[in-house]
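There are two complexes below, and they share chain A, which is joined by chain B in the first and by chain C in the second.
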Partner chain A sequence: MRMLPVLTRLAWRYLWRNHRRTIIMLSAISIGVWAMIFMTALTRGMVDQMIKDGISVLPGHVQVHSPEFLDDPSVSNRIAIGDVELGRAFDSAGFKAWASRVKVPAVITSERESRGVTLLGIDPAAEREFSFVSYDDVEGRFLESVDDNGVVIGKKLANTLDTEVGKRIVLMSQDPDNEIADRGFRVVGLFTANMPAFEDSFVFISKKAAQKMLRIGDSTTEIVFLGDDYRNIEPTYELVKQRIDGSLDISRWYEVNTYLGTMLKVMDGFVLIWVIVIFLALSFGLVNTLVMAVFERIREIGLMLALGMKPASILGQIIIESMLLLAVGLAIGDVLAWATIQPLQGGIDISVVAEGMEMMGASSVLYPKLYWSDMILANVVVLILGFFASLSPAWRASRYEPVEAITKVG
Partner chain B sequence: MTAVRCVDLCKTYRQGDQDIKALDHVSIEIEQGGFVCLSAPSGGGKTTLLNAIGGLDIPDSGEVWIAGQRIDEMSKGALADLRLSSIGFVFQAYNLIPVLTAQENVEFVMQVQGIPAAERRDKSLAILDEVGLKGLEGRRPAEMSGGQQQRVAVARAIVSRPALVLADEPTANLDSKTSDELMKLFTELNEHHNTTFVIATHDQRVMRYAKRLVRMLDGRIVDDIEQDAA
Partner chain C sequence: MNIVLRLAWRNLWRHTRRTWLTIGAMVFSNTLLVFMISLQFGMYGLMIDNTLQVFTGHMQVQAPGYKDDQKMRQTVPDIEPLAANLREKFQTETIAARGWAFGLASSEERSYGVGIFGVEPEFEAYVSSVPGLIKEGRYLRENDAMEIVIGSVLARNLRVAIGDELTLLGSGRDGSFAAAVVNIVGVFESGVVDIDRNFAEMPLKTFQDIFYMEGAGHQVVISAATLDDAELLRPEVAAALPEGSNLVVHDWDVLQPGLKQAIQADMSSAFFMYGILVILVAFSVLNTQLMSVLERTHEFGIVMSLGLRPGRLGRLVILETALMGLIGLILGAIVGSLFTSWFTVNGLSIPGMEEMAANFNLPARIYPQVTPWTAVAGPLVVFLFTLLAAAYPALRLHRLHPVEAMRAN
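After this line comes the complex of A and B, so read on.
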């Protein structure tokens, strides 16, 4: 540690001895780091949006079902707990939001067409926090109460069914005895969604209307809970676990939609691989720079050894030089990445390729997401790998014999 | 007290197909406070002997003793410590670290020794004044003449008052006036601080200052005479 100030001073001065080479290397490192962080932010933003969209369709971070419901989502597998009892268990428990709903597969029929859909019987007040539908942007109106008799469908579905606000449609599903349960509803609203596919596949009626149509009393099929962040749902999960009947099945969102959960894990791995790949490209330049820097001062290294500096200090000096180079490059790259991502926080319109994005489950606006953890990961990986990349030239420099190094020509 | 003792040193270099005997059974003893000039034509072995004494080069056979310690069997780390604490070096060329200023170059050895900053500063400024470089403390080697650079190197070699100073052609790049000044400085240090000087040179003016003149030829000591210094 005693040698650190003198080694750092030497390393810093030697770094700027050849300005041009250092600036070129710094540019390469900065652009590489910028690319690491910027591309990660774009991909994170895309995956983040895909997951949020995916969760918004579920919707809910933690869900409670009858044990067989996820395999057979019919009213036979319902939760026979009434709203009053649920309210007692959850209202004062400190959840960000919770709701109970009826969710079953159904068929919607207009006078012209039929389509298979997911029927959601909801309490609109309780679902506001969960829904992917913005109540205020609905053409016509959204459901107004838990016993509203209207139906709200997506605009795309309305086009398919050739129907509109004010017209009647019929919803059909199965009751607990596997008999046909159907009922006519008047279309009171048409919603739009980020993902056009959602407009085609979801139909909203009130919870009471659904319970009545399906003849299930005050039972529901799903109780859902919202946490603060979809990445950190364990506290919500634990809270639900403490307050729910053990015979029911409690699932995290990524257990309900394993594709989304896997995507999140893959994304973390992808970021690391992306950072390492870019660094490997950078490392050739870094090692070359260090080898050149050592080569052009062999005599000076010999002089330092002759004056009594130990080989370990020479090793340390070259490694510090490499770390300083990387640290400056990282700082510039970080600032550059932050400065280019900030103006894009409002979203990048990629509607030109929206259909292709939709096939991947992503929306047509990309919101870059800069996570500090990704930035830290990029910085730490570059510094650690940079350290190892510097070892070879540093080791070679420390192995010189003073006499041979001092008398080295050229 | 014996400052340097070399016993039967041999060192052979391979140059192409030829073996060159740089040291051929050399033995020499130098007392503390000695002022010795090693003189030889190029390739005569004086630099090799100087390097062996300084622990920079290990002889093929024989023994090297510095202040009672046998150094030819020491580890690299121990040799580095010995050079740092007891030996000052002045080389013919490439003497300074180009990215450091004159003052920083002088402070370098003290910094490696772990001497506190204030003490380093005081000593380096005083020694630079002593070698006639007052006002040039902040200059880098590239901004100084060859003579000024050599004086910085001398200042660095003697600033921590080593017991032994080894100088290889210290006046090679200096004019006669600067050479004389440098040699007078060496003489003064030798007399006042009892510092032992071993100087490899073929400069007749330098030899005049030596108390003892050792002539070498083809790796052997051919003449070893005491003389009255100038």
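After this line comes the complex of A and C, so read on.
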């Protein structure tokens, strides 16, 4: 250990002896590290946005349904507990936000057209915080109270149905006895959403109006809870579990939308594989550089050994040289990545492929997301694997016979 | 030339380890490229085929604007004669007429909204995979029977079986109220929940009666043998449409813009990754060749003072690189093809990816195919960049002064 400062200084100087080679290697490492982090930030950003959009539609980090509801989303599979009782159980429990709503498939009909939609009967005040519709951007107005008589539909759907604010449409679904439940509503607002598909498929009416139309008293089909962050929902989940009847189905968001759940997991795997692949591509050059660096100074190494330097110190010196090279490359790559991601924070417009992104469940603006954990992962992986890659050339260097090495003709 | 080649070959093996390490970088990248490109393009093919064969076909004749709005009144008039006409003109069976409407389907216990296709039972099987996916019962037969086939998830949700009746409610072409009771004769299962939950098919004549279509429909679906054939066929179909009609012919990429764009989006991210790999290999080569030039400064000085032109030396360096690159190319293509072939036989499935795959109509297990093109495309690009990387060391030779060079050691 005493030797460490000396060895480091030696390694540093050796590094700059052949500055061209070092600069080329540094460029390669920097580009590699930049690509690792940049690409990761892009995909992270995409998946983050997908999940946010996805949750905003579900929405709710933790959701409660009747056990059959997810497979058979019929009003027959509603939650038997009334709103008053729910309020008593959850209002004072300290949730960030919660809401109960009626969510059933329905058919919407204008004078011209019919389409299938998901009908949401909501309490607008309770869902303001986590609805994917921003109430203030609605053309016309959003629902104003829990017994509002209007309907709010997406702009795109309005276009398909040839309808507009002020006109009437009819909603049809079924009541618990499978009688057709239908009612006319006046369109009071048109919303826009991140993803065009949402505009096509969701229709908002007030909770009271929905309950009356479907003849289900004051019951609902879905209760949703919001946690602080979609990555950390366990506390909310536990809290819900304590406070609700065990026969109901309590799901985390990634259990409701398994596509998004797997996306998140696949992403973590992808980041690691990407980092390792880039490193492997780099490692050939790294080992090569070290082999060359050792080869050039066999005689010096021999001399040092002859003068009594321990083989371990030679080994250490080569490894330090490699680590210094990597560290400088990492630093440049990190800064480069940060500097290229920062100006893109406002979002990259990729609407050219919007419909393709929608197929993946992503929106047409990409917001790169630089996570410190990803950056640290890339750096740590490179350093650790770099250490192992430099072991072999370093080991060989330390095993030279001093006499042979000194007399070797370079 | 022969002697230059020999020289280059020998120079290459002066530092065996270094040369192999550089070749190793190429082989590694090439293997990955061959595998990824084979997988990628195989997947695109599957995605396109699997998506188009369900409903879309390779092209469709529609009323203008129908593609975007799918409104009931944007019709193709006299659609069955038109389809028959086209079948005759092109001497093929793979053309079928369809109508599409949305309705509420009610059974005894449940009501759900579904998309209802009116199809020609005789020809639908030539343009769509649905008739072949019947799991229970049978497909439609008569063009005017009060029959319907529905998806398996829909059947489960409606709690119905073969022989049960289904009540349909919707709006007709003129906006009037349309209703009918039809018999369930078959249940199809595609394995894609969205399709199995949301669609039903009935005979076109029946459909036209129920929805007041007056002989009209919404789409004439045309399938070709391959995507390339389809491209050639489109202008011919457009020319064969009746005079004075305002009908349009849409290609699959217009009908399914998401599909093409998903492929484009995926391609651009894949090409970014490939680009990085190639650049990293190029740096590796640049490093090696620069070293090999620098360490030979002394001997280059000697041969130059004996009269050898720097251009010739430059070519020697390029030739060395080309030889090295060639070994990398051949080995990479071979290793890559072998590696990929293993998956061709055994299939590739990534745990947890099944669901993502289903989103794009892909099977859970994918069998990538190596074609001559996928085996060579990536390695060739690597080879070109390898040569490019050698340019700097080669050009540097021009700045070499024989006398100074000889003094170097």
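Quick notes
Just so it is clear, the second predicted complex is superposed on the first by the 410 of 410 C-alpha atoms of A that agree within 3 Å, B and C clash if a C-alpha of one lies under 4 Å from a C-alpha of the other, contacts with A are read in each partner's own complex, and residues count from 1 in each chain.
We adopt the following convention: a residue touches a chain if its C-beta (ideal position, glycine included) is under 8 Å from a C-beta of that chain, and two chains touch if they have at least 3 such contacts.
In this text, all values refer to a predicted model and were calculated from it rather than measured experimentally.
Contact with neither chain B nor chain C is seen for A:140 once the two complexes are overlaid on the shared chain. When both complexes are overlaid on chain A, the residue A:82 reaches neither chain B nor chain C. Shared-chain residue A:17: touches chain B; no touch with chain C.
Once the two complexes are laid over each other on the shared chain, residue contacts for A:196 go to neither chain B nor chain C. Once the two complexes are overlaid on the shared chain, A:347 sits clear of chain B and of chain C alike. Taking chain A as the reference, the larger set of touched residues comes from C, when chain B and chain C are compared. Applying the stated contact rule after C-alpha superposition, one finds that A:176 touches neither chain B nor chain C. Within chain A, no residue touches chain B in one complex and chain C in the other. Listing the residues of chain C that touch chain A in their complex gives 15, 17-18, 21-22, 24-25, 28-29, 32, 69-73, 101-104, 106-115, 156-157, 169-171, 175, 198, 257-265, 269, 272-273, 276-277, 279-281, 283-284, 286-288, 290-291, 294, 350, 352-353, 355-356, 359-360.
Residues of chain A that touch chain C in their complex: 18, 20-21, 24-25, 27-28, 31-32, 35, 39, 42-43, 71-72, 74, 76, 105-107, 109, 111-117, 159-160, 162, 172-174, 178, 180, 258-259, 262-263, 265-266, 274, 277-278, 280-282, 284-285, 287-289, 291-292, 295, 350, 352-361. Partner chain A is touched in their complex by these residues of chain B: 51, 54, 56-57, 76-77, 80-85, 89, 91, 94-100, 104, 108-109, 111-114, 156.
Across the interface of their complex, chain B is touched by residues 2-3, 5-6, 9-10, 13-14, 17, 299-300, 303-311, 313, 401-403, 406 of chain A.
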